Structures are given as C-alpha cells and as structure tokens.
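Below you'll find a set of structures to go through.
Look for chain A in each of the two complexes below; its partner is chain B in the first and chain C in the second.
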Partner chain A sequence: MSVLTAKTSPWMRGAAIGFITLWLLMAAFPFVWTLWGSFKVQGDFFSRQDWLNALYGVQTLAETGSSFTGRGYYGAWVEREFWRSVINTGIVTGFVVVISLTFGTLGGYALSRSTARYAFWILIAALIFRAMPHITLLSGYLLPFFQLGVWGYLSTAIIVLVAINQPFTIWMLNSFFQTIPKDLDESAMVDGCSRFQAFRLVIIPVMWPGVITTGLFSFLLAYNDFAVTAVLLSQENQTMVPKIASFMGSTQVQGNVMFAVSAVVSATVPLFILVLFFQRHIVSGLTAGAVKG
Partner chain B sequence: MATISLKNVSKKWAGFTGVDALSLDIADGEFLVLLGPSGCGKTTTMRMIAGLETISDGEIWIGDRVVNTLEPKDRDIAMVFQSYGLYPTMSVYENIRFPLRVRKVPRETHHERVMRAAAMVELGDFLERRPAALSGGQRQRVALARAIVRQPTVFLMDEPLSNLDAKLRVSTRAQIKNLHHELKTTTIYVTHDQIEAMTLADRVVVMNRGIVQQVGTPMQIYDRPANTFVAGFIGSPAMNLIEGDIRSGVFTATNMRVEGLAGMPDGPVTLGFRAEDAGVADRGGQISAPVYSMELLGDASMVTVQCGKALAAVKTPKDFRIAIGAPVGITVPASICHFFDARSGHRIEHPGKD
Partner chain C sequence: MPHRTFIAFILPSALAMLIFIALPIVSVVVQSLFIEHERVMVTAENCGPFGCKKESHVDEAATAELRRDQPLGRFNGLGTYLDRKHLAAKEVREAFAEASGPIDFLTRVGSLPLYKALGFTLAYTFVVTPLVLILGFMIALAVNALPYFVKGPVIFASLLPMIITPLIGSLILFWMIDANGIIGASLQALFNDPDLSLKASPTLTWITLMVYGVWHSAPFAFVVFYAGLQTLPHDTLESAMIDGANRFERIRFVVLPHLMPLAIFVGLIQLMDNFRVFEPIVGFNAGASATSLSYAIYTDLRSTGAPLFGSAAATSMLTIIGICILMAPVLVRTWRDFKRRH
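After this line comes the complex of A and B, so read on.
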C-alpha cells in the first residue's frame, strides 16, 4: 500500500492495478471455468471439436434441451451417494479439528511456559515429523491396521490425521502462546487461579485469533487430505476427496467425469464460505503471531 | 494481616545462586523495600514469597503457615507486576473484579468492593474501558485496585513504578504510601530506585548478588552504611569512597589528609563521606586539588575533585562558582568520615565518632 500512496506517477499506478487485475483473473479462472462447466455435459466440457462448446453448451442443449444441466450433480449426489462422503468428511474434519486444538492448546501452552531444555527438542522433533511426506507413515500403518482389524473406519483415519497434524498445531500454538507475556498467567495465579484456570479464563480469551487460525489450518489439512483417507478408508467410509478421485478413475463410463467436476465444485464451496467468514480472524491471528512480541 | 518470615531461603539454578541463605522477619503492617541493582535477587526473593518461583532451600512463613509448597492462590497475597499484567480482554471493572470472581467471593458484594477499590485509586471514570485504552498511569492504578480489592494479608509489588514517566512516578509513589497508611497491610516492594526505597520504606533491605548487605530503616542505611556497596548505592550522589592508608591516626590518600583518627588501626582503608556533609574551605581543608568538574543543580552546585582514581563530589551553596582546573580546598572533618575495610568493604566503627 505504502508504495502506491507515495507519490507514484499515474502510469505506475495504472500498471500496478492492471497487473493485479490480470493476476486476479488468472487465479480465479480455473474456479470459474470449473463452476461453469459443472453445469454442462461431458461432451461439452471435454469437447474434442471446439473448446468454445464448453462455453455455449452445444451438446448440453442437444442432450438435455437446455444450456445448463444439473445431471453431474444428480449423478454424483444421488446416484453415487456423494452425500455420504460429505457426511464422512464432516465427521473426520470435525473430530480432527477438535482433537488437534484440544491437545494443541494444552501442549503448546505447556511447552511455551516450560523452562525445561527438552521443550525445545520436543518442538524440533515435532517439526521433523511435520516435514515428512504423509505417505511415508502410511506404508508402515497399513499392515498392522489390517491385522488389528481397524482398517477402513473413520476413527482410524481421524487418529492418523490428528497424529500427522498435531506437531504442526502444537508448534503453531506454541509460538502464539509465546507472544503472550508470562505476567498474565502469573497475575491470574496470584489472583486466585490454578494453572488450568489461568489458562482457561485468562490466556485462551487472549488467544482466540491464534486458536481460530490454527483450527482453520487443521480443518484444511483434514478436509483436503488424500493420502491418508484414500489408503485407510473403505469404500463406504470414503471422504469427499478420495471419492472424487474414484469418479475420475472410471472414465470409461460416459458422464462419470462430470460427477467428479460437480463434486469438486460442491467440495470447494464450503471452503470459500469458511475463509470469507473467518477472514478477519485469520489475518489478525497471523499478524498477532508475527508482530507482537 | 500477617507477619512474614524467611528462614535461610535460597534459590539455586544449575551452577548459579540467585538468592543465598536469606533470613528476614517482616512485621505485621510493615512496608519493606527490597533494594538492589538488577540481578541482585530481589525480584527472585519476592517471586519465591509469591509462589511463582520454587524455593531451593529454607522456609518461608506467612503468618503461622509454612508456604513453601503452597500454590500462589493459596498464599493469600496480591501482587502488582512491573508490566501490570492486566487482562486485555476484560474491562477495567472486570479486571478489578477478577480476584473476587475466581475466589468465589459472594457475588452480591462484588460491585461494592470493586467500586470501593476503584475509588481508592481514583479510577471511577474508566471502569468500562479496556486496558489498551488507558495510559500507563491508569493501567498502574488498575493493577493496584485489583490488588487491594480482595484485602489480602500481603501485598507484593514488583517495581510497579518503573514503567511510568518521572512526574507520574512521584505522584503514584505518594498514592502507594497513602494506600499503605490506610490499609496497613504488610507490603513488600521491590525496586532498584533508592529514592523510592527511602521515601516508601519502613525498613529497607539492600541486596547484592543474592546476599543481603544491610537491613535497616532508611535513615540507618543512609547514615551508617554497613559496607562500601551500600555506601556506594544509597544517596544521590552516592557516598564518596576514597582508598588510602591510616598511619598513627592520620588518613592519607592522593591530594587528601585527614587527621584526628586516634584509635583507628593502621593499614589500608576506604574512607567515605557524603557530598552534603563536606564543604569548600576558605583556606586549607583536608582535600586540596584542582576542580575536575562543576555542575549546577539549581538548588546546589556540585564540585568534583580527583583523589587518586576516585572522584569526590561536594555539595556547595547554589550561588557558588569556580572555574574547572582552579585549585580548591575541601573540608572533610574526621567527624563526617566513614571507614570501611579495604579488602572486605565492611564498615569499621571509629572510636572518635559518636
């Protein structure tokens, strides 16, 4: 901003605005294209004759009698029971967020207030686990999970996702907690709180932006996960992302690709709403961690 | 209301002793100031009393209980922090009320008690504000109100004035003194500012490197410092300390000769005197040296001379003027002199003095 408000020539200003507009269009184009195309038939969206068919919907008009069709959505949601995956995703993300935040706030707080030297090494270990590709963990999990008979259940996927996510949440929340001066806990404890009351009544209210930001990242991890859910969940327990992948995998059947496209749109909409809703908290959470200190 | 006793209290970290075998009895209703430079262990001592720091060794008694293993909340204390420690998400009113709320004080008494505490520190107009919307002095007063609202047996104050500007510091200091006079609650106050210590304290504990140097009333500490550390720390300016020798009742150092010390043992010694006790001589004087610097303070003029490595400051009347470099004689009669062991720094009483 400050670059623009300083005395810049109108040319520079115009160029900057032009660049940003162009960038916005390029960034938004795939989403808009997919949203538009999800209301067409496969013959249009993946047209071999003319890509403009995707815009005008020539085949769609011929096949359904209208330039827009909800067939993709009907096929995905009703015929292939995409709604089950939506519920599964809801369960998985809900539990992952709640469990991650519970342990993350408690652990992050404890580590931020610990004077022990091992606290640092725990955090470093957390970072290393976070950095590993998820798939490296899975190959090890698969056999024991089969033998224990826990493969395929949502709860198994939840536990694994929490395990993968937890180092990150602890790390992030720890750095948020470190920005809150110790004096605050201490005055609460002198005022009559136990350690846990000080945490609950004084620290957490100050921490809200940090908790929400971290919660959102946990949500996105669980919501977007493919590696864990694809490998660990049985067919009927699949969440949205592996379900969409399975639509893609059966391209021989005419129309199934459109199931995938409409399912993708269905899966993206909640994200937009969520980010818009929490947008202010996220920004304040991110900057609070960075600036105050 | 309670007495506090510290019995051989120590705080050790790996390879470092923060507080070394400190023993202290604090009377009921006393205003005790822990004074010393940063890192001397004064804040650690207070934090051990508060229960925010574990005790490595020794016992702390509050009233008739050993509190060593008690949580801070069970010690019936209130503390004012240097950074105030106000709760940013609560209004001033809720901040003051917080101790009552968490301690389950009957709800119907809250409002009255909060209002009374707020009135005592003149905060009535700001009760609905958040701490962020207050000035430093106002935040300070919120912290004070939060401490007094519950009427604990002990107040602990950790450098409460050091984040205020100079003018506000003076008025808040007076307010704290007045509060103590009204509430008569045992108070322990930590500061590195000797003027705060002198003005507020019933008794001052001077600490250095984890060890108590001297305990006494402000006047005792000022008039009879127990060692060179206390002498050099208390007073503005601090006591002049000059290293020299005593031979048969005469102290000599560079540019300096004090007679009339019969009864003092011979040998190296540190002589101390206060700037305001000495004066410029018309003729002669125990120190004769060129003026090193000349400072106008408004209410007085400060003349400094060199005696060997040491600088000696003398307070003169405000209209006294002298050029830097001009020779000057300074009267330092034996009666104003303090003596300290040259090696240990301990005070040596000299028999010639009353």
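After this line comes the complex of A and C, so read on.
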C-alpha cells in the first residue's frame, strides 16, 4: 500500500510502530503471562508481596524445590479429572462441526440456487435467529428437556449447538455458493444429471475452501460455548468451559485457582494451533461475509 | 429450482432451526405466562399441656407431587412481566409519582433488577461497538503500513483475543487485574493506593468489562478493515495525492468512504454480539455490580433449588423484543434491497 504510506514522516511511522507494539502487547501478553504463571504455585502467581515473584518463582522454589512446577496441571487433569471434559469437548465439537456442515451445505446450496421469495424469508429468519442471545433459547429448552428426560446428555447439547449454529452456517455457505457459477451445475443438469447428482458430482468437488472456512467457525462456536453447555449438561458430562467455571466456584481453597489456570492454558492450546494453521482461512472467512454482505 | 427439490435440500437445516429455535420461542412464550407453584401448606392443630396451637408447615410430598403433575406451574398471565423483577409496573409508577426530577426518577428505576440489567447491556453495547470500530480501524491502518515479513506474525498475535473462548479470555484478564496479580498490583503501585481494587467499585467494574469487550472484538474489526484496505482504489488515491490531499484528507475522503459498507457490517455483528454480553460477567465475577439481560436469565435458570422458569422466560421474551427493536432498521433495509432486486 505504497500509496498510503508514501511520504510518511518518520514521526508518523514511529507513532504507528509504537501503537502496533502497544496493541501486540495487549493482545498477546496476557496469554504469555498466564502460560508462564501456570507453572508456578498460587503464592507466586497471586503474590501478596510482589508480583515480580511470579517471574522468579520464589514461593514455587520454596514449596516444590524447583522454579517450575506441574502441580496445577496434575491437580486439574488427574485429581479433578479434567481429561474427561477434554474428551467430552472433543466429542461435542467433532459432531457439531460434521452435522452442521452437512445440514449447512445442503441448505446453503439450495438457498443460493433458489430465486423464490421464501428463500429470502428463510435467510431473514436465520438472521433474526442469529441475533437472538443463545441463553433466551435455553430457557425454552430446559423445562421440555427435563420433562422428556433428555437433559444432561452430550447428544442433546450437540443437536442444540447444531441448531444454534445453522443460521450462521447457511448464511456463510449461501454467500459462498453464490460465488460458484450457476452454469456449472446447470450444465451438468442439461447433460442429464438430477439436481442431487449435480450437487454431488459438480459442486462437492469445488466447495471445500468454503466448507473448511465455515467449519472453522462452527468449531469455534461449539468449542467456545459456555451458555448451552453449562445449562444443558450434567456434572459428569461437562465439557471444558463449564468445567473451568466450576473450578472457579471454590476459589478460596489454596491451590484450586492454579487448577483453573492450568485448565485454562490447556484449553487455549488447541485454539493456538488452530490459528497457527488456519490463519488464512479465518481471515478470509471473516471478510467473506463482509465483502459480499 | 423446483419447490420439491428445494425442500429436500433445505429440510435438515430447516427442521433443526424449527425444532430447536422456533419451537423454543413458543415454549418461552408459554412458560412466561406461568409461575412456580406455591408450596402446599398444611395446618395442623397441636395440642399440649398449655392449650392448642395452630401450626402450619410445608407439605413436601404434596408440593413435589403438584410440581410433577403440573411442571409448568400455575397460570399467571402477564403477572410475571409486571412484577418487581421484570417491568416493575408498580415500582415505576411510584418512582414517577415520587421522583423529584428526571435524574432521581432514572436513579430509582435504574436500581430495579431488569432496568439495571438493561442499563448495563445497552451501555456495554453502545460503548463497546464504536470503540471496537475505531480501534480496529487504527490497527488495520498501522498493520497495513508494516513491512511485509512482519505482517503474518502480527496478524497471528492480533487474532488471539478474538479466537479465545470468551469465558477463558475474561478469566485470564480477571487473574491479571486481581489485587495480587500483575496489573492489579502495578496499578496499586502506580496510584500509590494499596486498597485500590478494580473489582470493588461498580464504575471500575463496568470499565473493566468494557475494556475486555473492546479487547475481545477489536481483532474482528481489524481483520475486516484490513481486508478492505487491500482493495483500495489506487487511482482515486493517486489522484487525491496529485490534487494535494494530505494523509488525513486521503483517509477522510477516500479510505473511509471505501470502508463504510464494511463498517456497517462489523457494527451490525457487534451490535448483536454485544447485546448478548454474558460470559465476561461470569468470568470477572461481576454479577454484583453489573448484570446483563443474558446474565439475569442465566441466574434464574441456575437459581439454587428449582430453576425459575417463568421468570427466566419473561426476561427472555423482553430480551427478544429488545433485539428485534435494535435490529429493525437493518431488517427494513434488507427488505428494501430485496424488493429493488426483484
């Protein structure tokens, strides 16, 4: 963008670099700090004397004999069985992504190829559903789910998350399928394919970039959800995020906070890896909706 | 596309939305008209050496049976909507009659639970949304000016606050601003005030939550604006330069108009997402000084003992009406666009 930056005074450039450094510090430092602190004891990470203790690990050295300790991780993963929540999260996010994408590609494709007025109304309804806070729906589910005896199971949470995900998924895939020329599947149909065959043979091979991007956001929605999983899952079926929230319930107990800190770091790792590998997809996905919006 | 094929394709998605979004709304409407059963009381006469006394106690078995037979509770009409925890018709009328001025009136109304939650939700939405747009735009401009090889890592780091689970992100910041945490302790040292706590005062809690909100959402605005900057019309920019426009004039008259549709998009998404603010209040443990509509519903559903379905449903209905009002201009515009195209 040479046009924008040409003839920039050194002062201007310095200000921009200073600003971006400040922002990077704000954006990334909390994660670095928490990662570092998760290997200390509570007396250091929440030091009453001096926060610098968290850097040197004075208490950690005194309590455990080394300046780094895995106690928090041991407590969270083994004592409090965080691994169960990790498995539950894996099951929930896996199924949510696969089912959302299956439903979403079919629906999004149909919406992108239909010129009927009801297609517009479905999109508008989806937009309103997208705007509704998830928790308002939860108060609708809870009583019927209790009555039907389906409350507390992973499968219930999965199907609810799929449904909550649908409005966003069909919007995104609808706008993605609109970038695939209609001639492609229509010429296949002229050659004798049925609509479904055209979808299977012509559209499926070219739809993966859009599906991967949408899948990433479905994953994030399921992985990051707190409201649905906290209200709909029973204690033993809890996923990671509500489990971490339940760690916080007993903060006063010495050491418990460090369980939560370690669990938080553990739950952040998959997200880091995701951004690391799919940065380009995430960026393009965020902008896709906007540009075609 | 023939209707039959369309239905076949859309069916799974439409059914999922119908059963788990549309139907629950109906369920919310119904539940909001009912209220929990009162406990069944039995009165027994208890005779002792000092005469007879009438005592009443809760008949647990009968209460449980009643709850089982009629899980919805008893019909309450619009009673729940008008009670003190929701629209508080009586209290608002009293406040209107007794208040000495508009400010006094607002203070009185603002201390009622629903209006308190609504107040914070709206303040959060309308403070965070513009700040996100401004900060995101500034980051996009600055990153755009960076040399190519650092852009990737910078974008990576910038995405982190957005990608992080909201509850986890707020916990991370919550621990840092703890009086014994790095930011909390540094602030105490900076202001030389050992009692300074970001958690104690309602004002500081509000500010903390809003700072979190901006931190969490700015990357989204940044990414969208950054992508917009890649498609800037070079010719227009160059002619503006030749015409003698300085840097700020170029941003004001070329860049901003180019990014306007994107800003509307980001603003819209932010409006929806900020209106449902919930996780940070749990993460920052801020329920005492800041409650949002979503948080009020959550506490009703998780209330110890039996969940307050009626109360949660009434708040949900009011929230849905609120978001519809907020979205109305957008929907009208989309409808007009659609009619123009067809």
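The rule we apply is simple: the second predicted complex is superposed on the first by the 260 of 293 C-alpha atoms of A that agree within 3 Å, B and C clash if a C-alpha of one lies under 4 Å from a C-alpha of the other, contacts with A are read in each partner's own complex, and residues count from 1 in each chain.
As a convention for this text, a residue touches a chain if its C-beta (ideal position, glycine included) is under 8 Å from a C-beta of that chain, and two chains touch if they have at least 3 such contacts.
Because the structure is a prediction, the values reported are computed rather than measured.
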Q: Label the relationship between chain B and chain C on chain A in the superposed model as either fit or clash.
A: fit
Q.
Going by the contact rule set out at the top, does A:H281 touch chain B (first), chain C (second), both, or neither?
A. neither
Q: Angle at the Cα centre of chain A spanned by the Cα centres of chain C and chain B: state it in steps of 10 degrees.
A: 100
Q: Have a look at where A:F129 lands relative to chain B and chain C in the superposition and call it first, second, both or neither.
A: second
Q.
By residue count, which of the two partners contacts chain A more extensively, chain B or chain C?
A. C
Q. Regarding the shared-chain residue A:R200, is it in contact with chain B (first), chain C (second), both, or neither?
A. neither
Q.
Going by the contact rule set out at the top, does A:R84 touch chain B (first), chain C (second), both, or neither?
A. neither
Q) Thinking of the overlay built on chain A, is A:E186 touched by chain B (first), by chain C (second), by both, or by neither? A) first
Q) Taking the superposition as given, does A:A163 touch the first partner, chain B, the second, chain C, both, or neither? A) second
Q. By how many Å are the closest C-alpha atoms of chain B and chain C apart after the superposition?
A. 9
Q.
If I apply the document's touch criterion, which positions on chain A are contacted by chain B in one structure and by chain C in the other?
A. none
Q | Complex contact set, residues of chain A against chain C | A | 1, 3-8, 12-13, 16-17, 19-20, 23-24, 26-28, 30-31, 33-34, 37, 45-48, 50-51, 54, 102-104, 106-107, 109-111, 113-117, 119-120, 122, 124-144, 146-147, 159-160, 162-164, 166-167, 169-170, 195-196, 199, 220, 223-224, 226-227, 230-231, 241, 244-245, 248, 257, 260-261, 264, 267-268, 271-272, 274-276, 279, 282-283, 286-287, 289-291, 293
Q.
With touch defined as at the start, can you tell me which chain C residues reach chain A in the complex?
A. 1-3, 5-6, 8-10, 12-14, 16-17, 19-21, 23-28, 31, 71-72, 138-139, 141-146, 152, 154-161, 163-168, 171-173, 175-176, 178, 180-182, 185-186, 215, 219-220, 223-224, 226-230, 232, 234, 237-238, 241, 247, 250, 255, 261-262, 265-266, 272, 275-276, 278-279, 282, 285, 293-294, 297-298, 300-302, 307, 309, 312-313, 315-317, 319-320, 323-324, 326-327, 331, 334-335, 338, 342
Q. Okay, in this complex, where on chain B does chain A touch?
A. 50-52, 71-73, 77-79, 81-90, 98-99, 102-103, 143, 146, 150, 156
Q | Complex interface listing, chain A residues touching chain B | A | 181, 183-184, 186-194, 197, 201-202, 205-206
